[in-house]
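Scroll down for the structure; my scribbles are underneath it.
Lettered A, B and C in written order, each chain numbered from 1.
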């Protein structure tokens, strides 16, 4: 469904991605692992139109979406949950959700249904719905960031290090959410430092090193043979 | 960090620069002799505005500080010279220069203080406000500054102590201005190519990094503002001497705006560019104003388009073309 | 020499009236800066343009309120066009370039106004005539009405921002334009809309100010300068701050006019600016940043 082919991306003069190629099939959970600084976040940003690829292509269902503006991508079904969450701190929880909820084609019934579904998955957000986003705890902000992405009813979510800085209890909540999304048929491209979590939820995993994809394997294979992970990530 | 093209001097580039320089200066020396009176004056004025634009380039092009306050330096230089020429008898050229530079220098100290504390936009706004403060003071303090009507005074003669004095003919005045502007240009060129100049450019390109490397950015900024202010004040003195009057109009911030236009059109960070920009703008004004009274409309449009599409100005554009 | 209390009170009223008009101008400026980091040098000239369009419309229709509406809409469209053509390409570039670009626009607008409307001032007829007794003065009702009307417009703006989808879009884009875009908000158009709104408010100020001070080609520079000062003192991007600052600065100037001429009274606002920049650069009416 989503395909990157030989993508090269620069930040100013730094050549970050040296030809990244990967795919995510419809409804798949695909993991992207690698040490710090290899370009995992940049890969997600290159898909989302936040870092313009200088070479290569990004396609969605065969349609070329390379370098399209982010707001177009959100509307064709790609949602981005950034590494630092980027909650709109001065907007309430509900207003944060509304940035995605208030879309063309959403009548009141659908909106209410979607909102209730998301509140069901994240009850704490319903409680805090009129509170300013900036007053939420780190874990709650992560919930909000994912809930917000769900408001777009996306076909694929680009999840950047959702468990960073979270307590173990929240990590398992994230795992459950990913499971929930997967059951609904939403594809996920998961960038993570947490290897065990990634191997649990993903069906396939890519491993990046220095701006390219070095290894690709089914998660099961990597679970069975930890030596590969150790080789690339040193864990 | 790559040094800009102007600094990668090879022997050949140097030689061709000096040749070009000699030709231009030669033409300018010959100018007053061959040109009719109106154009003779005009060329002298271009030189003076060019000097002002050049002084502004030190801040905009080299240090990365946009100042809308050059009219303050210019104006203080002008009024300083006026003060000398009105209060001391017989009127002395050198005293006018001195008073003018001191006046501009004092303002520069003020502005320098703020330069070190404020970021881009705020610095720009503050310098603008400064110009306006001086404008209002000069405009309303009629007793001292002549208010709206400005001050009129006699032109001093060119003289050296002990050697006698010669009255300024337009030609002699032109040569004097040419000498001052040329010397200023050479001096500024030397300074911008020195290690000091390199640090300024480094500040412009990446201030936090420059600070991290260990440079006392504040001190460099202060010196840059002082330099810029002094040369702007010098331009003001020259203008006062040429025209024999000082008026508050020149302190109004729109003059600063015009200076910025010269800089952008000519090419910031090139020293020569702003002079070319001043020449271009003034010629355009002369030419267009005969046909269309509101010539500033197309000029303004050209300027805005240049900011968007040719931010390096004419000179920068030419330079990139030549480098290809 | 003691100043009689009536004079002080009268100046207070004057200060409030001027402050509200200035607030209308400054809100637009700070909104524009907050959302797209553009220091709109031409903002005062939009005020001027609004005033002239209003004057012309009023000359043809004789109705002040129609003139107000026409001026706001026209200048909103002009503003939108300017933003799309000259400012959009500059998004993300050096802030210096936007200052220069808006400066260029300012120049063009001023000279265009000179060309179309000539150098003499236009006066607009007050829509509300009649005076009331304010101490020893016959104070025009119109001045009070202006302040109330400006306040109403600002209030409407605030409501618009706080409620409704578009208000959320604008606030989200102001806080984080990248994330807003990633949420499907059409950021480039939000920018254009905000610029148009700011321009409309500026134009409205120009028309409202028409009966008070006349419309001249040079009023733009004056308004721009004042608006800048207010926006900095109030905290750039801070809507509430700029309103408070507008009133504060206008009151200061009004009181200063008791002692010096109005031309010199502006120095007070300059001093306020400089003191703010020195001691509380984020703005006088902004809570100290954590």
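Basically, contacts are C-beta pairs under 8 Å (C-beta built on N, C-alpha and C of every residue); 3 or more make two chains touch, one makes a residue touch a chain.
Just so it is clear, the model here is predicted, and its values are computed rather than measured.
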Chain whose averaged C-alpha position falls nearest the assembly-wide average: C
Reference chain B; chain at largest CA-centroid distance: A
Centre distance in Å when chain A and chain B are each reduced to the mean of their C-alpha atoms: 54
Centre-of-Cα separation between chain C and chain B, whole angstrom: 33
Between chain A and chain C, centroid-to-centroid distance (C-alpha), Å: 43
Residues of chain C that touch chain A when the two form their complex: 165, 168-169, 171-172, 175-176, 178-188
Residue numbers on chain C that touch chain B, as the complex places them: 39, 86, 89-90, 93, 95-97, 99-101, 103-105, 107-108, 111-112, 114-115, 221, 225, 228-229, 232, 236, 261, 263-264, 266-267, 270, 273-274, 277-278, 281
Chain A residues touching chain C - in the complex, by the definition given at the top: 48-50, 69-71, 73-75, 79-80, 82, 86, 88-91, 95, 98-100, 102-103, 148, 151-152
Residues of chain B touching chain C in the complex: 60, 64, 66, 114, 117-118, 120-122, 124-126, 128-129, 132-133, 136-137, 139-140, 253-254, 257, 260-261, 264, 293-294, 296-297, 299-301, 303-304, 307-308, 311
